[in-house]
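Common to both upcoming complexes is chain A, partnered first by chain B, then by chain C.
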Partner chain A sequence: MTRFMLGRALHSLVALLALVVLVFFLARLTGDPTNLFLPMDASLAERQAFAERHGFDEPLLVQFWSYLVDLAHLDFGMSLFQARPAIEPVLGAFPVTLRLALVTMVLALTLSVVIGSVAAYGPGGLFDRIASLLSILGASTPDFWIAIVGILFFSVSLGILPTSGTGTGWHWIMPVGVLLLRPLGLLTQVVRAAMIGVLNSAYVKTARAKGASPRRVIFVHGVRNAMLSVITVAGDQAAALINGAVIVETVFGWPGIGNLMINAIKQRDFAVLQASILVTALAIFVMNLLIDIAYSRLDPRIRAG
Partner chain B sequence: MATRLRLLRLLRSDAVALAAAACLVVVVLVALFGPMAVGDAAGGINLRNRNAPPFEFTRPWLYWLGSDSLGRSILARIVVAARTTLGIALASVAAALLVGGAVGLVAGLSRGRTGEYILRGVDVIMSFPSLLLALIVLYVLGPAPSNIVIVLGVTRLPVYVRTARAEVLEIRERAFVAAAQVMGAGPVHIALRHVLPLVLPTLLIIGALDFAYVMLAESALSFLGIGVQPPDITWGLMVAEGRAYLTAAWWLAFWPGLAIMMTALAANLLAMWFRIANDPSLRGSLKARVAGNG
Partner chain C sequence: MADPAPAPLLAVERLAVDFATETGWFAAVRGVGFELARDESLAVIGESGSGKSVTAAAIMGLLDPPARILGDVRFAGESLLTMAPDRRRSLYGRELSIIFQDPLTHLNPVQPVGWQIGEVCTIHGAPRREARERALELLARVGIPDPLRRYAAYPHEFSGGQRQRIMIAMAMALRPRLLIADEPTTALDVTVQAQILELLAGLREEYGMSLLMITHDLGVAAEVAERVVVMRRGEIVEAGSLPRVFAAPRHPYTRELLTDRSEEYRSPAPAAAAPLLAVENLAIRYGAFRAVRGVSAEVGKGEILGVIGESGSGKSSLAAAMLRLRPCDGGAVRFRGQDIWALDGPGLRDYRRSVQAVFQDPFSSLNPRMTVERLIAEPWVLNPGVVPRARWRERAAELLEMVGLAPSDLDRYPGEFSGGQRQRIAIARALALEPEIVVCDEAVSALDMTIQAQVIRLLADLRGRLGLAYVFIAHDLTLVRKFVDRVVVMKAGEVVEAGPAEEVFANPRHPYTRQLIDSSPELGPKLAEWRALPDPPAPGPARGAGGPPAAGGG
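After this line comes the complex of A and B, so read on.
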């Protein structure tokens, strides 16, 4: 068990390292921040001084090595634009996105288990077909468009929801609703498919034969076993959720990590970009580890193997 | 041929799938021939008709969906954008399918550690939010349509590599592959003549499912301003441009988004139906429904 977990962790760590290398060099290919940061008429000496101060005049490999050394000391470098350690805006923005993602994921999991289970109980029935159609609709709707249409309807026409910003509970409704769309549709399909498999299995038939009620069959015998495939897919959804968060935070003006990354790329603020990507990747890494643990708890065969 | 006829008959009896197929055919025809039909109305500035709201049927038919602040017809722009939008999505899926399929084939057939390394590399791509990967790469390479195809193709690569590898691992243990080996066939011959034909149908179905996803991803990139750049237009870019006029002219952002949704919905519905129709264990339910309806 421990060996299995260690192996998985090691694999993810290698992936994480590869990502750090990739982002470092890709970001430096995007162009020289000197041109963007200094005024057009800056003298050659000024440019030289700027490049020296931030180490841009060194060869790339030297820059990379000092980046790694700093990283080992938990120093993520200085933000070019904000004149403070790059990790500060990242740590400020991360909880915003994390809260948004957590609320969305909990809602998506709960709703999908309920809807998917009920749909699986009568496959081909009216409820099942409506649920399937709606979940496909969720997967087909462009999130940025539905966000805009939401603003148009709820904010401009009806005037009951705020267009952007954070603060009250009202600010949460539209962002969470938009972000929920895709994971909910996908997870409902997964729960439904897994549940149909479970409900046809011998042990559920036994439980039914012994007189268990439909509710007991679904929520006691079914959900626990259907959860296996749900958890795997939910893990893949974590990375996808960050995609959605970038869009949602842009449209609704949330000061989250997605917004921060977009701005960092636009401003060539390498340190902030690297720090935010590292923190995000770390979060996904931890979540995958948690999923592996949950998985092995639910399925004893993995622990043995 | 017989299977194709049977598929068509099954399709005709499923109203939802039939509607989806019809919708897709219309979209493809519009993308192919539409730009010729609307002429240069998409770029033509016409200040007399500017900010025309939709559903004013006294105007020429091109203005029935409204026009933008320069008096350009929204309908004509949607038609012209259809070609770019569908073209990029199609090219991306094709690129991911070809490269991913080939890499997966190699990973599945190689006996050494190569397969293992390829899989790790694919894991790196998968563990990272694809939109951010695209953002960074497009900032490096510049937002030309060909680069967008590359980026979208790379982010979809893992699916094809993993599927192809998994299928190959199963197929290569079968008797006919061993028989070919015994008869002296080389690895390339076995891969292309004996394994590929069995893997390809699965990859094509995934490609069909992926089409809608890739189209949505391209729209999101264009919406964020790092996808296709003006004067080229895609539906995603039209939504982005219309966002600034949301309170004054809602139709600018609404119609192109609806076009994205309808196309994606039709593609998803048809792909799902196709999967059921091609799965012998599920096809029974489809036929049963046909019998019930009939």
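After this line comes the complex of A and C, so read on.
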């Protein structure tokens, strides 16, 4: 078990390194920060000085090497715009996103398990059909569109929800609602399919022959077995949530990591962009590890192997 | 006896079960009725598709809509089909319980077995502590060693036999009055089967419970039951006391079932000649596991060699080595004296042509996307010159007729045939190259008894006509002893006994062979005893001078 986890961590490390390479060079493809940062009429000497101060005059490979060396010392570089270490705004914004993602994920999982299970108990019934239709709709509606429609309807027309920002509970409703749609739709489908499989399984027959009630069959014997296939998809969805946050945070002005990333790209603030991507990636790797652990806790057959 | 009889423990009345299919209702059970008294043991026998397991599922309330149930099932006088769901659930697991054929899939893979046994008690209102104690007690009673430690183990950590013991413990948890056992030993080796049947008999006596044994195996039925119900295509064709039905069957189908058990297929073995295929001191390893260790055996022209042993004894590895499907890790396989791994070019082609195979599973060993004609003709594509292209269809039709199928079947796909028919196709394909030896690896094990008998009859007939030799690998001793000339008994990768079949079966020298023979539920001696009973109940209301033909059978 420990060996398995160490192996997974090692894999993650390799992937993380690859990501560092990718992000560093891709960011450089977006253009020269000197042009953006300095006023249009800045002199050549000023440009030269700026480039030298930030090391932009060095060959790309040398820049990359010094970036790696700094990274090894947990130095993510300085933000071009904020005159403070790049990691600071990232660490400030990340928990804001994490909270949003966590609330969404908990809601998505709870709701999908309940809706999917009930739908699976009577496949083809009225509840199942409505749930299936809605979950397909939810999984396939573009989030940016629903976000804008949401603002138009609830904020502009009805005026009952704030358009953007944070602060009150009201501010949570639309971002969470929009972010929730896709994982809830997908997970409901997965839970339903997994639960139908489980309810047709031989051990459920045994449970029924023991005199177990339908509720017991679903929630004691069904859910844990069904979760085995759900949890893999849930992990993917949780990762996708953090990505989805880029759009939702931009639309709703939510001061999270997605918002920070977009601004960093607009401003060519490489250090902040790199730091935020690395932190996000790290979070996703940690989550995958947690999912592996959860999987092995749920399924004793994995634990043995 | 003359008292107003109390309601029987279980009464199945005109039970009919229909399943919805795309083409309408399929009647799986039609008008089945029987009773089971307290303390009684009843066997329901029949082949696959006879509706016996569906009947069990209907009794246990395991059939859901769109299945349609008509008639009634009464437990101690109360109708199980119409009572309130709460009341019904309070009976299941407590008053009537069931065990199934495949204990691995019937146990929840993610819960400890002890918890699963105790759950029966908690469902019916026992506190957790008590449930745990009872589970521990039961684990010990059904013979799981070290119950305290094994309580927390999961189903995959047990052997097949132990899993069935766990299922039994679960079914026994609240001392039910009726146990339904649906093919409980079919997936198990004979020695394990014997242990499980013994355990069931012991528990029955201890708890004074009734048993409804559902089985296709007449030997198992004879071992445990006092009365028997014979089902076929959803209907009961015959019922009565087991000795009476087995000794003097009235229905032609019952008679067919019983003859299949007693028929002899053996024909005189050919005079000894130089061995065609010989295995010398063969060793096969999978990693550190030694599957076959130092096995030697040989088959001569027209000879039938039986290889018997339980799962894991290495018999299928032996078959793979004979077929050159797996390299030897030691020793050699010789075809006409030549090491098969040293063969190449024409020699290898000759070997491949001469040694053919029929495998256990006729469902996966035939490519579902090929027509029967292509399946049979494929060997000719790979071995040009055996049959000229222009004659393929004609020859394929001949082969089909030889195995008892119609030439019109050539254009059909394997999916359109039953298990027995598919095995006939597999045999036709094996015969396409006019081989000298056919290796049959559990070739009839997946088939129903009457079908098994038909296929064996076919194999015996083909030997007579074509002078074929067989290596016949099986775990069912009843079949092997009636069919093979010589036999090799394998255990844990080694040959423990070998010799002429009659001699080995009549006088087993090795204790393991004796154990195998003793474990295998054998009808023969019992049948003889029952048939010798002074006056078996008359088969009809009036018994004429000539007597019905069934009475004289035997």
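Heads up, the rule we're going with is that the second predicted complex is superposed on the first by the 305 of 305 C-alpha atoms of A that agree within 3 Å, B and C clash if a C-alpha of one lies under 4 Å from a C-alpha of the other, contacts with A are read in each partner's own complex, and residues count from 1 in each chain.
One rule holds in what follows: a residue touches a chain if its C-beta (ideal position, glycine included) is under 8 Å from a C-beta of that chain, and two chains touch if they have at least 3 such contacts.
Note that the structure is a prediction, hence the values are computed from the model and not measured.
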Joint occupancy of chain A by chain B and chain C, clash or fit: fit
First, second, both or neither for A:Ala209, with chain B first and chain C second: second
Partner touching more residues of chain A, whether chain B or chain C: B
Touched partner set for A:Thr250, first chain B, second chain C, both or neither: first
C-alpha centroid angle, chain C to chain B via chain A, nearest 10°: 70
First (chain B), second (chain C), both or neither touched by A:Ala281: first
Partner chain(s) touched by A:Arg224 [first = chain B, second = chain C, both, neither]: second
Contacts of A:Leu60 with chain B and chain C, given as first, second, both or neither: neither
Touched partner set for A:Met261, first chain B, second chain C, both or neither: first
Least Cα gap, in Å, left between chain B and chain C after the two complexes are fitted on chain A: 5
Contact set on chain B toward chain A in their complex: 16, 120-121, 123-124, 126-132, 135-137, 139-140, 212-213, 216, 219-220, 223-224, 236, 239-240, 243, 246-247, 250, 253-254, 257-258, 260-261, 264-265, 267-269, 272, 285, 289
Chain A residues within the chain B interface of the complex: 11-12, 14-16, 18-19, 22-23, 26-27, 29-31, 124, 133, 136-137, 139-146, 148-149, 151-152, 156, 236, 239-240, 242-243, 246-247, 250, 261-262, 265, 273, 277, 280-281, 284-285, 288
Complex contact set, residues of chain C against chain A: 60-62, 89-94, 97-98, 100, 102, 105-111, 119-120, 123-124, 154, 156-157, 167, 170
Complex contacts: residues of chain A adjacent to chain C: 201-203, 205-213, 216, 220-221, 224-225, 228, 298-301, 304
